[in-house]
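A, B and C are the chain letters, set down in written order, and residue numbers restart from 1 in every chain.
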Amino acid sequence: MLESVRSNSFQIVRLFALVILAVFVLVGGFILLQNLQHVKMIMMVFAVIWGVGSVALLFWVFNSIAQAMPRKIRPIAVALVFAGPAIVLLAWALVLPTLRSLWLSFFDDTGHQFVFLDNYTFAFTDPIMLESFKNNLLWMVFGTSFCVILGLIIAVLSDKSKFEKLFKALIFLPMAISFVGAGVIWKFMYSYKGEGININEIGLLNAIVVALGGKAQSWLLMPVWNNFFLIAIMVWLQTGYAMVILSSAIKGIPLEIIEAAKMDGANEFQIFFKITIPFIMPTIVTVATTILIFSLKLFDIVRVMTGGNFGTNVIANEFYQRQFTYRKTGQASAIAIVLLICTIPVLIYNLRQFRKRRTIK
Amino acid sequence: MKKTKPSKISSIILFILLLFIAIGWTVPTLGVFVTSFRESKDIYSSGWWSVLPHMEWVKTSEFQLAEATDPNAPITIEGHTASFDEWRQGIKVSENKRLRWYGNKRSRKIEVYEEKLLGFGANLTMQNYVDVLQGGEISFDDGSGNIITREGNNFGDAVINSLAVCIPSTVIPILIAAFAAYAFAWMDFPGRKPMFVILVALLVVPLQIALIPILRDFTAWNLNGTFVSMWLAHTSFGLPLAIYLLYNYVSTLPRDVFESAYLDGATPFVTFVRLVLPMSIPALASFAIFQFLWVWNDYLVALIFLGDKNRVVTSALAAMIGEKGQDWHLLTSGAFLSMILPLTVFFALQRFFVRGLLAGSIKG
Amino acid sequence: MKKSVLFFVFVLVAMLFYTGCQPKGQEQNSAGKDSGVQGKVVTMAGPFVDNDAVKFNNAVKAFEERTGIDIQYEGSKEFEASISIRIEGGNAPDIVDFPQPGLLATFVKGGYVVDLNKVLDMNKIKQNYIQSWLDMATMDGPEGKIMAGVWGRVSAKSLVWYNKKEFDAAGYKVPKTWKELEDLEKMIMADGDTPWAIGIESGAATGWPATDWIEEFMLRTNSLEDYDRWVKGELKFDSPQVRKAIGKLSEIWLTKGMVYGGREGIVTTSFGDAPKVMFEEPPKAWLHKQGNFITSFFPDNLKAGVNYDFFYLPGIDPQYGRPVLIAGDCYAMFNDRPEVRMVMEFFATGASVESWIKAGGIVSPHKDALLSWYTNDVDRKVAEVIQNATSVRFDGSDLMPGEVGAGSFWKEITAYVSGTKSLDEALKAIDASWPK
């Protein structure tokens, strides 16, 4: 009895010391970091060590505290330590702002006048918004499917090639390019100088068309098709992502299964459709979901290439435009909320998938 | 998984097919890479492929037509008669000679072109890269004849700042997300399911709506302009995707692994650090790449929370290219310089992919 | 694990101790204070970067040395978005440079901006500006009208640039009247070239140069009253007056052979690339209308007055005289501290832009700025154009509410020029977008 009290009080002292230590590391490191600005290299190394170290330290300290809890509530305390930081951060950085937007979406731009659903009426009736919805649908359907299908094809093919790493690196390359850089690249692809005397096309696409005897086109002005030319940019940028993840999944397929199928006389196509696809289906869903959501949020490409003109506007661009350029907070918030609602079907599908996998186990 | 051995013919077809895709994928980048070595004047007047070896009509001489030549009537030069418009397009007068009217009707100048093979790399320059690395050293005339030169903003410092932002902003969300993914996948606590639904839904929240509220908090906490503010912001913005991806992976790890660990008396924390983290390395690595790329290429978040004091690469480039957004030669070379590091990271982490991101799902 | 933590803490302590011993540079600086503002920092933000940011810093250097105030300017390309976030996020810089008074007006409405009437000695400031500048800086706050800012630099937009060397060599003459300009256009076309180089592509801001053109024609074919009513939204876009102005635009823009690249070329060519064709050999177009800032987009190594020059875009109807369209930067104050007041008062004097004027590229709105400061002829001529103007009006799209002036006006005119919308559809859409 006495023993346990002593060990208990020792435990408390130890925990207390740990908390003090953590606070000291956090505060001291922060002050130190601010004072290290002049020695850039040391500052950077210190920032990395301290930044990552403190987070690890915090988890360790919190876990020690949770472990000291009475047995009854310990599992919940531990779970809280594990999931808590993520939940707190997300609540602070994303959930609260979303709720704030939800609130603001019922008010006018000053934020004082309650307008109920006016902003939503705008979001669903304004011609620009309707055009954006239509285009977003194109982006979601074609952008996502092109990315996933191309990524899958490249992953499967390169898996069988000797030069796998090189091919994958080349496909992945665009992912490392910033949106500004990508904008420049594709401006050079689609460039069109107009018609008239002594025009010398500097856009590759037009140069090819002209060399083949055709007439130079203003690619970004063609109705409806221009959307596909913009989608091509996203496919170019994002296929690398799909490929990397899908390729990893393909490599996870146990060799025995494939060998067995071959023994049964299955050809490559049958293996692909009967074994590969079903096996990596969860991964395909994950990849498709993230790209789908990415395509819904995407606006940089449109902004850089056409500024949303010529019938290429998308919802996220209109949101950015209204939020920052026009400063129409109410309407912008309503658009953001609509964007959120748009993904509900995707979310439901995802959760079903999760549940299915659970029950299989 | 070992490579299966396809037959020779099919492997050749495969190779050609892949080569085709790879070329298609790389040509745009290649175009910009070439462009980044060209002078700004050339970039606007001819396509980048013109640096490749090719036959081209090269101007060798010119001569003036008589003042009396009437450009509005058919014009006869060296035995060929054609209208002004045709002459302006250029007319081949002999096998290796082409005549072209220079400018408008007033010039009356005829240029003589001969076809020649142009070698690779005519008019290429390293100057663009020098300019970018010097941070676009600016010099101009102050009017009274003095040349004012401003020391370029240090690109090297910007790289260091970017690293100080990027590495923690990549590792911290991975750590936090891995803990959370483990908790959501393998622990029981009240509100687990609804919280996870909300979490996945957060994937779609555009981070722009969060900037103003977060900035208010940072102002209140006096965190503006510090690296900590960037870590907090990027960690939060990256968490939904991180947890979503890692949950997919961690939830498919075999249950018996944990159970045997618990039987040995290991706490969840120890199990996590000793077993789950090492087993999840492929998933962690792939998320690390995406998060690193995203943070590295981010401009808006850095602009708002970090400001001008600790310039990162993207803001350094933006500041240098300046209001003249059309400095293609600087934009292209800057884009390439800023790509080097992320690509290095990709190649460094590539080997972790080999085992497979979702490899575990198969065993489950 | 524990060992590494201990080691980490040890290193931390050692480093803290080390930096603690370091003398702090800033404290030494603020040692000698007499005016109370010595060593104080005033933060500023604005859209200009690069060259202009250096010129700005040089222009305020003497002031900084005299007063000991440190003006820290931060320029950004994403100015519109970042400034909205910073102001609403409670982290507004002390002074913000607004090139669009319309954007400033929205912050005035939100009550974020300090009323200069209350904090500065306005008599002195008012003497240094002509009345129309003061009027343009007076905006509606939540509690009535306030003086929202002081004007720092101006640029004239009614300028037509040309390749002087080739222009003279071809024997063309600078047109003084609209008739002469039309004759010049015809002559250039008869000679087999296209007269105008026009490009309105500008990413998210595509279309803005088109709105400048329309404003020029509004001033040249309509009364100033109509222009002012139009800017305020009292005169509809779908009105005979505005249609008349757009008609003039169409005469040039949509006539075959008038513009390099044709209408599709106009909308796909970036505004900064557009003038470059004038300087190719041979020149592919001859005239380019744009504000005086455009010279920084010209190819390097061109000399003002030798390789390029400009003329004033002539008036069309004599009864409307020689109107000049201008744009300018307005400095607004967001935090009231003694040192910020001093800086604002400084910005209201010509001295604040003296070295900038000398370095070239800007024109001052201050009465106490001397013409002799202008070192190159082109800048001085720009200043003279503004002085000789029978009327001066501010870029209308910068004054309109954001969703029109930086939104539907740009977008719809672009759609009209590209041919995807008829004029009727475009005008109706702009009218519909005015805030109710």
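To be clear about the criterion, a contact is a pair of C-beta atoms (placed from the backbone, for glycine too) under 8 Å apart; a residue touches a chain by one contact, two chains touch by 3 or more.
Not measured: the values here are computed from a predicted model.
Taken together, the touching pairs cover every possible pairing of the chains.
Taking the mean of each chain's C-alpha atoms, the chain closest to the overall C-alpha centroid is B.
Note on chain placement: the centre of subunit A and the centre of subunit B lie 16 Å apart, centres being C-alpha means. The centroid of the Cα atoms in subunit A and the matching centroid in subunit C are 36 Å apart. Each chain gets one centre point, the mean of its Cα atoms, and the points for subunit B and subunit C are 31 Å apart.
The set of subunit C residues that touch two or more partner chains comprises 81, 85, 192-193, 202-203. Contact with two or more other chains is made by residues 44-45, 88, 212-214, 299, 318 of subunit B.
Shared contact sites, meaning residues of subunit A that touch two or more other chains, fall at 60, 197-198, 320, 323-324. Of all residues in subunit C, only 1, 5, 8-9, 12-13, 15-16, 19, 22, 80-81, 84-85, 103, 106, 109-110, 192-194, 202-207, 257, 260-269, 284, 401-403, 406-407, 411, 414-415, 418, 420, 429 touch subunit A in the complex they form. Those residues of subunit A lying in contact with subunit B across their complex are 30, 33-34, 37, 40-41, 43-44, 47-48, 51-52, 55-56, 59-60, 63, 67, 75-76, 78-83, 85-87, 89-90, 92-98, 100-101, 154, 157-163, 165-181, 184-186, 188-189, 197-198, 200-204, 207, 236, 239, 241, 244-245, 247-255, 258, 268, 279-280, 282-283, 286, 289-290, 293, 296-297, 316, 319-320, 323-324, 332-333, 336, 339-340, 342-344, 347, 350-351, 354, 357-358, 360-361.
Only residues 1-4, 6, 11, 14-15, 17-18, 21-22, 25-29, 31-32, 35, 43-49, 88, 157, 160-161, 163-164, 167-168, 171-172, 175-177, 179-180, 182-184, 187-190, 195, 197-210, 212-214, 217, 226-228, 231-233, 235-237, 239-241, 243-245, 248, 251-252, 255, 267-269, 272, 282, 286, 289-290, 293, 297, 299, 310, 314, 317-318, 328, 331-332, 334-336, 338-339, 342-343, 346-347, 350, 353-362, 364 of subunit B touch subunit A when the two sit together in their complex. Against subunit C, in their complex, subunit B makes its touches with residues 40-41, 44-45, 71, 84-85, 88, 102-107, 136, 138, 140-144, 148, 150, 211-216, 218-220, 224, 299-300, 303-304, 307-308, 315, 318-326. Interface of subunit A with subunit C (complex): residues 21, 24-25, 28-29, 31-32, 35-36, 46, 49-50, 53, 57, 60, 110, 127, 191-199, 218, 220-221, 223, 303-311, 317, 320-328.
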